[in-house]
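Mind having a look at this structure? Questions to follow.
Order as written gives the chain letters A, B and C; numbering starts at 1 within each chain.
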Amino acid sequence: MRTQANRRNWGARLVVLVPYLWLFVFFLVPFVIVLKISLSQTALALPPYMPVFDFAAGWAGLMEFTAQLSADSFRLLSSDAIYLLSYLKSLQIAAISTILLLAIGYPIAYGMARAPRSWQPPLVMAVVLPFWTSFLIRIYAWINILQRDGLLNDVLTRLHAIDAPAAWLSSDTAIYIGILYSYLPFMVLPLYAALEKMDETLLEAAADLGCPRWKTFWLVTLPLSLPGVAAGTLLCFIPIVGEFVIPDLLGGSETMMIGQTLWTEFFSNRDWPVASAIAVSLLGLLLVPILFYERLQQRSLEGSR
Amino acid sequence: MADGGEAAQNNAANEQSPLVRFEAVTKRFGSVAAIESFSLDIAHGEFFALLGPSGCGKTTLLRMLAGFETPTEGRILLDREDIDAVQPHRRPVNMMFQNYALFPHLTVERNIGFGLRQENATRAEISERVTEMLALVRLQGFGRRRIDQLSGGQRQRVALARSLIKRPRVLLLDEPLAALDKKLRAETQFELMELQRRLGTTFVIVTHDQEEAMIVADRIAVMNHGRLMQVATPSEIYERPNSRWVADFIGEVTIVEGRISASGAMDSALGQLRVAGTSGAKSGGTVWLALRPEKIGMSGERPAGELNKVPGTISEIGYRGDISIYKVRLADRSLMKVALANVGVRGNARFKAGDLVWLSWPPDVGVVLDS
Amino acid sequence: MKRGASSFNIISAVLGLAFLYLPITILVIYSFNASRLVTIWGGWSLEWYRELLRDDAVLQAAWISLRVAVLSASAATVLGTLAAVALTRMGRFRGRLLFSGMVYAPLVIPEVITGLSLLLLFVALNADRGFWTIVIAHTTLTMCFVAVIVQSRLVSFDRSLEEAAMDLGCPPVKTFLTITLRLIAPAIAAGWMLAFSLSLDDLVIASFTTGPGATTLPIRIYSEVRLGVKPEINAVCTIMIAIVAVGTIAASLIAKSGTARRDRAALGAQV
């Protein structure tokens, strides 16, 4: 068994090593590079930042390299109100839309979980299906509806609800609609998974013990679905903070969300150090929720074991 | 049958040495000991049962024999050879799993033939053996079925056939009948015994059902908390348990505490009781008398003869159809269980709760235990 | 309390589904509109589809996207399955916490961060950016989704099936290939499908990691959309929706016919 165990260990090591190395090289190392460049300065060169670390220069090169690092980009982030406002706007939009998603998603998930057993797979399918169509298409579909000569204004003027066409597009309202639309499945599915698992005799037991329906919801259903609430909240909140496409296509130009700011710094201003600094601070901002999400994932997997 | 003859030959050749031997086996999971210095011999051709409450380590023992767990300490010998280094897929033992573990993507035929296909047996050989096994478990004509088209009882038989096709030295059965309903379980128990006798293969069954173990097994190892409590034939375990725990675990029992007096009788709260087999127990120490309910007689008047006799009041009656269980309150407020067969049509209707009765038993039916 | 929908449940489910499907339906209908203006219905027409067929840039982008998606989804399926096996079957190896962190984090980390960091890696490595850098970037992101899907299936997998195979003489590696992989194949297929559609869909990461000559369909659509609504884009989107719909329906029909066949046979077994 010893030699066979050794041979098996090699196979086992390979199974771990291949994806490990891949993620290490293409996920972890890039973050280190981002961190490094966020401490560099802009330069009119290719790549457009300095210092560039030169492996050939050895120890002296490393010393020189460290000496040239600076926190200028971060100083800029904290001093210029544009960036701070951008962060705040992102957090605000993410928080409000997560709450809205929860408010809309919970009744849907609850309705699905309480539907007759045979209806449930098609219902899940119905929620997931739009998610398989392109994200970009779904956002684009809303431009069709929300633009000045779009369908919404058309319908509203015909109904005489408004006199003149309103500007729906390029507003926060449009951003919220786009986010709700794109992220709804991410909220509904974890909630449904939690609610569907729930033993229905618990509700019967509560009713049997004299608990009215609304109170049963507060005392039994909601507490038991909290893991689903947490998963859905994190699954929506974290990516929404860094969202780019939705605010870019549907939002206005007054205040940008942080993802847009990063994009502009990078693609328009070609300021790689500042873009990196934005990424680093954004990641720092989201570190706590991300770690929380990871613990939740781990625990749910161990729980189902 | 060919299998029977072959096994019989094996028996003759190795009669003197056990087929399976556990030598001071200990298994720890982390700091928790599942099995503690466990030693046991299982003979050729035996139908052996590992019996104990859930969590007593009996399944761990079986899994160590199959090779899915390795002992932390000690050795397991199969035919005098240490099998520690042998991987599960090379061990000449096969297992029938508790949930059957039938491959859902294979037909009945391919499930049963799975073991032979691993040995690169020829198609003709496999198909011949599979047909033979299907006949053995009375599933002719079911070969092409998918597993999810079978009833629970049919699945159980497919699992049995699959684990027997390689003619294992030992067949391990992990709670093989737990998923069947009571009636089917009772039938299957007899089928298993018949099959084992026909094949002559050594069967090791793990069960928590003491009735099942008593019915099917030649010998039973009673386990608790990873330790061996007693190994003996079913009747010995029932009639001569070696501890209060075994006596209480197997069947119904009333335990009376007392001391052995100089005369060899037992002094208890019920007075002096005549007992047999106290030679081992030292006089003066605390001992316990274990009494099976069906060995105790009950009558309205004080019986005559050389019997232990105690008076009491019937406090509860449990009617079970074939017998009734009476709980009788004795002078010291303790309860004694008595079982009477309901022989007449109206059963034992002459006894009612609250009746004053006399309980009596001959000295030799009680077992004196010192632990 | 019976399982059965109250009117509140039904209304919320219907409204939710309407919200999900209405915009897409409208988009599909307008792709057949003869008029260039969204508000004016000019009758049914295939005009924009004909226009699309003449648009080489869009067709080229679609072809690149398709190749990227197939390659990255396939690589991600292999890597993600390995990662799932490592997480569920290898016990506590050194660096497990870091590993599981790296698997779960990309699921939620904003795409702008992943995209930027990968680009900076490619710049640091002095790699030519283009087709292959997008493939690598998409593989990295989507392998984590595959890993999570396969992992949840492996966790609920009945280990005694593997033990039964080994007990019957099947060596461990062969057991994994013939029993385990065979039984988790639906999860692996679902993982590939998800990886494929995520790759086909991605704009942000592709924008960061692309190079000259490697314009994917989402990048193309994005640059068109920024300039306003164009009926041709409605047509492209409709085609993509149709492909997804056909694929999903076909997949569910295949799954269904499998169960139907089994149900019929089970019925036969009882007679």
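Definition applied: a contact is a pair of C-beta atoms (placed from the backbone, for glycine too) under 8 Å apart; a residue touches a chain by one contact, two chains touch by 3 or more.
Treat the numbers as computed from the prediction; the structure is a model and nothing was measured.
Ranked by how close its mean Cα position lies to the mean of all protein Cα atoms, the top chain is C.
Of all chains, the one whose CA centroid is most distant from that of subunit B is A. The distance from the centre of subunit A to the centre of subunit B, each centre being the mean of the chain's C-alpha atoms, comes to 58 Å.
Subunit A and subunit C have Cα centroids lying 17 Å from one another.
In subunit C, 172 are the positions where the chain touches two or more neighbouring chains simultaneously.
Contacts with at least two other chains are made by residues 87 of subunit B. Across the interface of their complex, subunit C is touched by residues 8, 11-12, 15-16, 18-20, 22-31, 33-34, 37, 47, 104, 107-108, 110-112, 114-117, 123, 125-127, 129-130, 132-138, 140-145, 147, 149-151, 154, 180-181, 184, 188, 200, 203-204, 207, 213, 234-235, 238-239, 241-245, 249, 259, 262-263, 266-267, 272, 275-276, 279, 282-283, 286, 289-290, 293-294, 297-298, 301, 304-305 of subunit A. Contact residues of subunit C toward subunit B in the complex are 158, 160-161, 163-172, 175, 179, 182-183, 262, 265-266, 269. Residues 66-68, 87-91, 93-95, 97-99, 101-105, 114-115, 118-119, 145-146, 148-150, 162-163, 166 of subunit B are the ones touching subunit C in the complex. Remark: subunit C residues 1, 3-6, 8-10, 12-13, 16-17, 19-21, 23-24, 26-27, 30, 37-39, 79-80, 82-83, 85-86, 89-90, 93, 95, 98-114, 116-118, 120-121, 123-124, 136-137, 139-140, 143, 147-148, 151-152, 155-156, 172-173, 197, 200-201, 203-204, 207-208, 218, 221-222, 225-226, 228-229, 233-234, 237, 240-241, 244-245, 248, 252 touch subunit A in the complex.
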